[in-house]
Amino acid sequence: MAVRVNGLPCKNPSWVQANDFHFSGMHIPGNTSNAVGSSVTPAFVFQIPGLNTLGISLARLDFAPWGVIPPHTHPRATEILTVLEGKIEVGFVTSNPQNRHISKVLNKGDVFVFPVNLVHYQRNVGNTYAVAIVALSSQNPGVNLIGNAVFGSNPDISIDILAKAFQVSEDVISDIKLKF
Amino acid sequence: MAVRVNGLPCKNPSWVQANDFHFSGMHIPGNTSNAVGSSVTPAFVFQIPGLNTLGISLARLDFAPWGVIPPHTHPRATEILTVLEGKIEVGFVTSNPQNRHISKVLNKGDVFVFPVNLVHYQRNVGNTYAVAIVALSSQNPGVNLIGNAVFGSNPDISIDILAKAFQVSEDVISDIKLKF
Amino acid sequence: MAVRVNGLPCKNPSWVQANDFHFSGMHIPGNTSNAVGSSVTPAFVFQIPGLNTLGISLARLDFAPWGVIPPHTHPRATEILTVLEGKIEVGFVTSNPQNRHISKVLNKGDVFVFPVNLVHYQRNVGNTYAVAIVALSSQNPGVNLIGNAVFGSNPDISIDILAKAFQVSEDVISDIKLKF
Amino acid sequence: MAVRVNGLPCKNPSWVQANDFHFSGMHIPGNTSNAVGSSVTPAFVFQIPGLNTLGISLARLDFAPWGVIPPHTHPRATEILTVLEGKIEVGFVTSNPQNRHISKVLNKGDVFVFPVNLVHYQRNVGNTYAVAIVALSSQNPGVNLIGNAVFGSNPDISIDILAKAFQVSEDVISDIKLKF
Amino acid sequence: MAVRVNGLPCKNPSWVQANDFHFSGMHIPGNTSNAVGSSVTPAFVFQIPGLNTLGISLARLDFAPWGVIPPHTHPRATEILTVLEGKIEVGFVTSNPQNRHISKVLNKGDVFVFPVNLVHYQRNVGNTYAVAIVALSSQNPGVNLIGNAVFGSNPDISIDILAKAFQVSEDVISDIKLKF
Amino acid sequence: MAVRVNGLPCKNPSWVQANDFHFSGMHIPGNTSNAVGSSVTPAFVFQIPGLNTLGISLARLDFAPWGVIPPHTHPRATEILTVLEGKIEVGFVTSNPQNRHISKVLNKGDVFVFPVNLVHYQRNVGNTYAVAIVALSSQNPGVNLIGNAVFGSNPDISIDILAKAFQVSEDVISDIKLKF
């Protein structure tokens, strides 16, 4: 029977080796042939066991032309992004009541920050592929994709709750739900 | 020129009095005559200055018949709710990829927990008014109302980003945006 | 053989259900037929397993007429209280050397804060039953009842230490100890 | 007008010098000519400004023959003690409901630990002077002397609350209060 | 007179703009014409004010052929590195008593982790320029260059202390000191 | 098969006794007959199991005449030292780029602080034995001895990396390595 702790158990220190701290793959383009046109290649604690307790991780983001990473939050991490190729529009929204949308179009070599727990997105605003590297301040940042959480949960949130929440008809809600 | 620190500055300890730790109002029904049919009466650090650094706060929730508090997250706090009157349906959604919707209908005296940073909502499922008390694990929990953050930010997030994100037509997105 | 960690182990996420986040009982009066005339009904992590790691809990406090919750501290939590019924006198004492006693009489709907680790108490100052809800900033706040810790420990603290500490005769100390 | 932050502001790093990290006095016997027969010489952040943010401090404890440091808690720190001279009886009490009294008589060179926020005391159990060095896990540990907090606050806690709390007559309470 | 807090004060939220979260420069090669043949281009809180309180930062590392970043520690951050170009040998050393040297030669797309506070280094093991991006788990990670701290402090650490510490003659110590 | 957690597992609370919080040995001189002329007698969590989770520990330092504790850091703790006997020169070095060497000669009763993660050392500057007590803000502070980490790791760091780092010939590096 497994004993589960919050986080992950530790390897015997005597057996630890360099490969526990190593990952290979940030140079490999991800597969962006999907509905949103983007891909995330994680280097989290699940890929690099030596990250356990160390409070940081990386990922590679790939974008097909005009591909997006849809609005989402990271419950446990701030994200910092740098563009390797292409032109990426990014933004985040501050809390209620201001809901200020802070955004910028980034070019190669630019860096942008997405504060922890704020809704944010990225979009490739060019006709070429775009690539970015992101770092996150957690070994396992988590992600809440807003669309999936609200319209695609298992089981569904009641259509009437969402109709009232978004102040639209139940048909509109049903249409959106079909996509998730 | 104001000096701003992360959080709030401290009062001179010699001037501190009982009223800095006191608030009156949890017995007063909030005004639920609005589109969503709900109201929040906060007892946060802004209402109780003595809460500064102490990591907790309260609020009173009022619901008109079938009123909702629409899907939202608290970036800095877990929420725990207890029903004083009425019958309230509550739920939260876990992170990607599971997006499990965990929900329950609560009666008077029931308690439910909404883990920090997960999307959650409450809805009055009766024809009477409903009232709950919530506690949050922060002096200033923050709230991201999903609808407002995604569809009602200032300025707007581009319609085409949202259309791609929710996989619907731009007209649907425009309709929703009009409400915010 | 049990493996004990600081806190509690985690349930398999696949087996988690709504009832792990649910508790029923805040509407049930506690039994105040005891020497101090009060009762505490906890909704801590032991009652709500889903509170594990989430940093908050609730409890219901009942007071018979003139009943008290005697002076105590919570080693791990700040407490915030709201009165549901009755009239409750509350107070806490600041650290040495000031030992300021900050107190107030609360009515229905009032809120008061007891900073973590300061000695505090509550007393019903009416001839009716009083009820309050408290939230605490820990899943397992802990409680040190001052009387029990000092005069009723197992085994006893030496009578002469306490006589010197409180500057009274050993007979007085013995009398108090008999009560615990 | 002073700006107060939680903790202490920082000195200009360019002006920092060795004396900000230095204190002299752990070799000087404290004055134990008082009712309890003990003395504390602190080396906290107020004596060593360079301790700001660094999470630790020291103090020297002196005991006259049979002198005591009466029951108290440190709201912000664990304490670890080592005996330099003499024979010191020490103990702490665990939380409710166990209230276990864990104690030991220490000789020169012994070390004992008092977990944060638990009631503890020390007493010289010899006819000579005793000396100890303690370290605390905070730059400003704080102290709640149980006697002073409960019986000697400013203003007083009502006699009838304390009579009920300790289950003794109000006269006994009044007697104890006279000492504080 | 400046008020200094631990960290940095906050900007008025109403004045915050996208450029506070933006930096441009990760695409610009640093100047590696120095004794060690390396360069660091930081994107810390001093370059990106919006990073204040957010617990992460980036930097670009450039290496001339066979250039090194000499042994150092980051007092406040774990470092995670990914190679953009070239071939970089990296390593860190675990604490006493094991002092295990864990190292690897990295190629483009590889990732490696340097746990907080452990001595580590990087070296370009090719005849071309090498480039890496690093993320650190602090807005202001700090760096202790071992050579500078031990042999190049202001003022010097006594030659005889170092001779004893490294078990070499004072002449050897003097020679090394001349370089710093 | 052992389950390893970050830190140490907990003992069954019912079996805990006074000796879990006790250590004897701070009065026993350590053996300083070694190359550096110093000795450390720890009272960490491994000697005092009850220190688990409590954030502090002690140690006794012994110095032969002119003995040193060579330059080192504690990855997880600030250190505070008090001199019991003798005359001890102490110092630490601040981070890059200032690398300020802050030092003082201490006499009996003096206290000095070594901020977490900064390189520091102590040296007996008298012809008698010297003794100090140190407290550290962690149950298991860790130590990185600079000489061992850089010149005596297992396996070695390449001589050419170190030659470049310290800007000396490879022969000098080889000589130093022979000592570790």
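Order as written gives the chain letters A, B, C, D, E and F; numbering starts at 1 within each chain.
Just so we're on the same page, a contact is a pair of C-beta atoms (placed from the backbone, for glycine too) under 8 Å apart; a residue touches a chain by one contact, two chains touch by 3 or more.
Keep in mind that this is a model prediction, so the values were computed, not measured.
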Partner chains that chain E and chain F have in common: A, D
Copy-to-copy rotation for chain C and chain D - C-alpha atoms, rounded to a multiple of 5°: 180
Chain pair showing more contacts of the two, B-C and B-D: B-C
From chain C, the most remote chain by mean C-alpha position: E
Chain F against chain A, contact positions shared by both copies (same if over half, else different): different
Centre-of-Cα separation between chain E and chain D, whole angstrom: 42
Separation of chain C from chain E, taking each centre as the mean of its C-alpha atoms, in whole Å: 49
Inter-centroid spacing, chain F versus chain D (mean Cα positions, whole Å): 28
Shared interface positions of chain A, touching two or more other chains: 3, 5, 98, 103, 116
Each pair of chains that touches, named by its two labels: A-B, A-C, A-E, A-F, B-C, B-D, B-E, C-D, C-F, D-E, D-F, E-F
Chain F residues within the chain C interface of the complex: 3, 5, 7, 9-12, 52-53
Interface residues, chain E side, partner chain D - complex: 2-6
Of chain F, residues touching chain E in the complex: 35-37, 66, 68, 70-73, 75-76, 89, 91, 93, 95-96, 98-101, 103, 116-119, 121, 123, 142-158, 161-162, 164-168, 172, 175-176, 179
Contact footprint of chain D on chain F as seen in their complex: 13, 16-19, 21-28, 43, 48, 50-51, 54-58, 77-80, 82-84, 98, 102-104, 106-113, 115-116, 133, 135-137
